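Order as written gives the chain letters A, B, C, D, E, F, G and H; numbering starts at 1 within each chain.
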Amino acid sequence: MSLNVYLSGEIHTAWREEIIAGAQANGLDIQFTSAVTDHDASDAAGDHLGVETDSFWRDHKSAKVNAIRTKTMLEQADLAIIRFGEKYKQWNAAFDAGYCAAMGTPYITLHAEDITHPLKEVDAAAMAWATTTTQVVDTLKYVMKK
Amino acid sequence: MSLNVYLSGEIHTAWREEIIAGAQANGLDIQFTSAVTDHDASDAAGDHLGVETDSFWRDHKSAKVNAIRTKTMLEQADLAIIRFGEKYKQWNAAFDAGYCAAMGTPYITLHAEDITHPLKEVDAAAMAWATTTTQVVDTLKYVMKK
Amino acid sequence: MSLNVYLSGEIHTAWREEIIAGAQANGLDIQFTSAVTDHDASDAAGDHLGVETDSFWRDHKSAKVNAIRTKTMLEQADLAIIRFGEKYKQWNAAFDAGYCAAMGTPYITLHAEDITHPLKEVDAAAMAWATTTTQVVDTLKYVMKK
Amino acid sequence: MSLNVYLSGEIHTAWREEIIAGAQANGLDIQFTSAVTDHDASDAAGDHLGVETDSFWRDHKSAKVNAIRTKTMLEQADLAIIRFGEKYKQWNAAFDAGYCAAMGTPYITLHAEDITHPLKEVDAAAMAWATTTTQVVDTLKYVMKK
Amino acid sequence: MSLNVYLSGEIHTAWREEIIAGAQANGLDIQFTSAVTDHDASDAAGDHLGVETDSFWRDHKSAKVNAIRTKTMLEQADLAIIRFGEKYKQWNAAFDAGYCAAMGTPYITLHAEDITHPLKEVDAAAMAWATTTTQVVDTLKYVMKK
Amino acid sequence: MSLNVYLSGEIHTAWREEIIAGAQANGLDIQFTSAVTDHDASDAAGDHLGVETDSFWRDHKSAKVNAIRTKTMLEQADLAIIRFGEKYKQWNAAFDAGYCAAMGTPYITLHAEDITHPLKEVDAAAMAWATTTTQVVDTLKYVMKK
Amino acid sequence: MSLNVYLSGEIHTAWREEIIAGAQANGLDIQFTSAVTDHDASDAAGDHLGVETDSFWRDHKSAKVNAIRTKTMLEQADLAIIRFGEKYKQWNAAFDAGYCAAMGTPYITLHAEDITHPLKEVDAAAMAWATTTTQVVDTLKYVMKK
Amino acid sequence: MSLNVYLSGEIHTAWREEIIAGAQANGLDIQFTSAVTDHDASDAAGDHLGVETDSFWRDHKSAKVNAIRTKTMLEQADLAIIRFGEKYKQWNAAFDAGYCAAMGTPYITLHAEDITHPLKEVDAAAMAWATTTTQVVDTLKYVMKK
């Protein structure tokens, strides 16, 4: 069994690297995909199409260029991991979860226990909730068991 | 032209009432739908199915009972208004926006200017961004013009 | 809010009548649909198309005639109630649950606590599990709250 | 011609192994997939995500982790074999059959003659009913004929 | 229960009228739809768009104008009755059956016993095979039972 | 038979009014829908959401507000009439034709003979090509024949 | 460019072999698929599942076993060639054409000129009509041009 | 990350070659597809199926043969580049954009600034607007970043 797994959400901690390393350590046949996680590059994704003076439109152009990538990846994914970190709103992670739910793509949420209440709708549509990357790797290991 | 409009997000201000009143004042043929906006009732939506001692599962059961309502409404909507208020995370609003995007249902975001950057992905997939309920009503009025 | 609710499963107890009566008592705007619940009529549903000597083909013909009705009702339903009773296998109820899951139609299971383990896959894809028809009616009441 | 075949149902007899061996003996290019068939492992599939004291929620978590695997496999399958054995309810097998029916994925049922009546709805939506694994292998052989 | 039933095929006998009359006599709430059954009008359906000297293109234009009607009716139908008469090829009836099969719309075939062999693929995907219009009406009556 | 017909394209001649009048004169049960055809109002459709100094973004905002209306109408249409007039590019009409083609919604093109070559791809996916509004009305009359 | 082409219809002449040979001679990267074209084997496709005394059910079982193969092939095809020969009804070919039309899969018809009138609905939904296998090969060659 | 990119529109300048060369120079793993861009060959695409004296039907046949290719390529594309040049109507480019929009396939428009107003609907549904092929290549480079 091989899987295509999309990693969505927080870009300030090493959760992506930990999951990828864990999958490799366990010899899992997984292709991981992800948005561009370099914050500055992501914010500037549309700048080469012409400079915008209005920050709303700069964001708009960049978000759409990023979406060419993320939408394609998300629609090709068999499974998504949706990560909510300590800081920032991370509405795009919740947006990706809703996108998965509408498509019927299973997803696992990864977040601390203190935010389970505000995330209850997102968690209710998830296939699992994990608090550590080890739990995510263990889930992937089980799911791909021979 | 008649429309079915789903109102998603913040439950602590009167934005729903303002939009509904504005639509009525303009004689627009719109059926508005919405999650149960009584916070305590919503949190207790699953309690009649058996008491849970673990708050995660209480939330889980209630969120699923609420989803029977909201998913049905969202899938029947021609248009959604997604509201992000001053306080709280409102991940469920972003989740609904992602759900709409995946289904191809148009939505309008309604939020203050100071959160346009963290909402750029949500706004990029929207058909319009409004900062006041008057703007939302004006948009509905235009869209439904004879 | 009006709903189209399909009642699937056990035909030997009065659970359908109890839910319908409860909905009416609460003034809920629900159209309930159901397979033909007269066991003998259901088994003979295909007999008018020619007598079969082989019971497999008699069952086959009748099941398909019944499916013209149930498939249409199931696909038009906003919500299904899937009932597993004390006796009989009721594989058709589990079949309907799987059909709902694949279509993304929410369903509520209704069964006693002693069969939660063999029904865990069916319950895991459900929006709620109830043990009494009163709980089902209470859920419908909440879901359709104004 | 190559096929992706999902094997659903009973885990207490060697029917999976017999079909796989038969396919190999006939040089058929088939990728077989299946739920985790180790009963204890399957029941414990969610345990690494945190211990549950309530058996309903333990089952719920495990069933959802299992569903990440089975739903993905089922949606990628060209054909499913749905097995009902002598013992146990096997509602999950009927659930998988309903899931296939809704997706338009063809399936073959495999069960003894004495349960054709309670399985008539499940058989009516099937492409074939077999009573032995040899018949299943013969069907696969014919279907993949050059 | 109300149904939308499309009547496809043979235009040289009174089978449509018999089914419609039978449904009315039984008080069934059915909306019947059908292609234009006036042969000459049907062949000339595109003539008002400009005269064609080549009969292939005359047929092509008329067939497409007819398809605006039949495709819309077929896609809105809950059920189709596919009739194969004594004479003519009636490939359009088989075409409609295939169209239904791909959409998952149930259909009933209506034809004499002597053509069951060449129609085996069409019958195999049908929900029922009838030889008389009375059988069709009886099936509709059963399906719509209260 | 009733139809929902979307009228797309040219806004500088009276073709819409002629078709609507013709349909009424023939007692056809058709609900016609259309983009806002007041050119200035259409260009200003997004102005109430905030003034833009850059004409590209003004157009962008207005086009999206207009799309809330047109996309909803187009997706609800049973049939579209796509009009290409003498002047202007009318790329939006060709865009609507492509949208219909992808959804499987039938459409009729309405344009003069001298532009059949550049419109060959658009005409090839159409159900009919008309040069006069009378021909369109005659087609609607035939399609809706009792 | 590579294509998956399904060959449907007549089994009594060498049209399949001619197209395959023509494609190979031109170095086209095409995977051709087809029903089992051995008439006796096809009629007996379900016999190994148990002998039927009633010829209708024998045909029914065999047609369904054949459909496991043909439905899978048809749904994976990028293009179908639908052949109507001199003899026999070939309703299954028309059925396959309708199936393609509903799925939006392009198909080419291959038949003599004297049956264009009864095939007008089938031809009207086709992308091309050919009378010789050389024309089919030429079309494939053009379509796959570098 | 690998992408399948469809290049639609203008055939009189070297924009296709420039984008392909740019992608290769940057080592991007992209499979580019395109309609047959030899104008005369494209106009004659259906001639081998029989000569037409009426230019409308010649165009019709050729456009449909071309559509076998372009529709298949368009439906397999992850992304489309839609090019509007200086001359000609290029309604087929706008048609392809509408087709993409309905399927949810992202596309980038490539055209000069002086036609942004008539293209506002097409641009509004695009993920980006570029004026040079270098900008398109830069966008592809960013989207496929490792």
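Worth a mention:
Here, contacts are C-beta pairs under 8 Å (C-beta built on N, C-alpha and C of every residue); 3 or more make two chains touch, one makes a residue touch a chain.
Bear in mind the structure is a predicted one, so any value in this text is a computation, not a measurement.
Two copies of one sequence, chain F and chain H, touch each other mainly through matching residues, since over half of the numbers at the interface are common to both.
Interface repeat of G-H: among A-B, F-H or A-H, the matching pair is A-H, sharing over half of the residue-numbered contact pairs. Fitting chain F to chain G on C-alpha positions gives a rotation angle of 180 degrees, to the nearest 5. With every chain reduced to the mean of its CA atoms, the largest distance from chain G is reached by B. Across the two interfaces under comparison, A-H and A-B, the one joined by more C-beta contacts turns out to be A-B. Per-chain Cα centroids separate chain B from chain C by 31 Å. With centres set at the average Cα position, the gap from chain E to chain H is 40 Å.
Mean C-alpha position of chain E lies 23 Å from that of chain G. In chain F, the residues that touch at least two other chains are 64, 67, 129.
Within the complex, the chain B residues that touch chain F are 1, 3, 78-79, 106, 108, 127-131, 135, 138-139, 142-145. Contact residues of chain H toward chain E in the complex are 54, 57. Residue ranges of chain G in contact with chain E, taken from their complex: 55-56, 59-60, 62-64, 66-67, 84, 88-103, 113, 115-125, 129. Contact residues of chain C toward chain E in the complex are 33, 36, 41, 45-46, 48-50, 61, 64-65, 67-69, 71-73.
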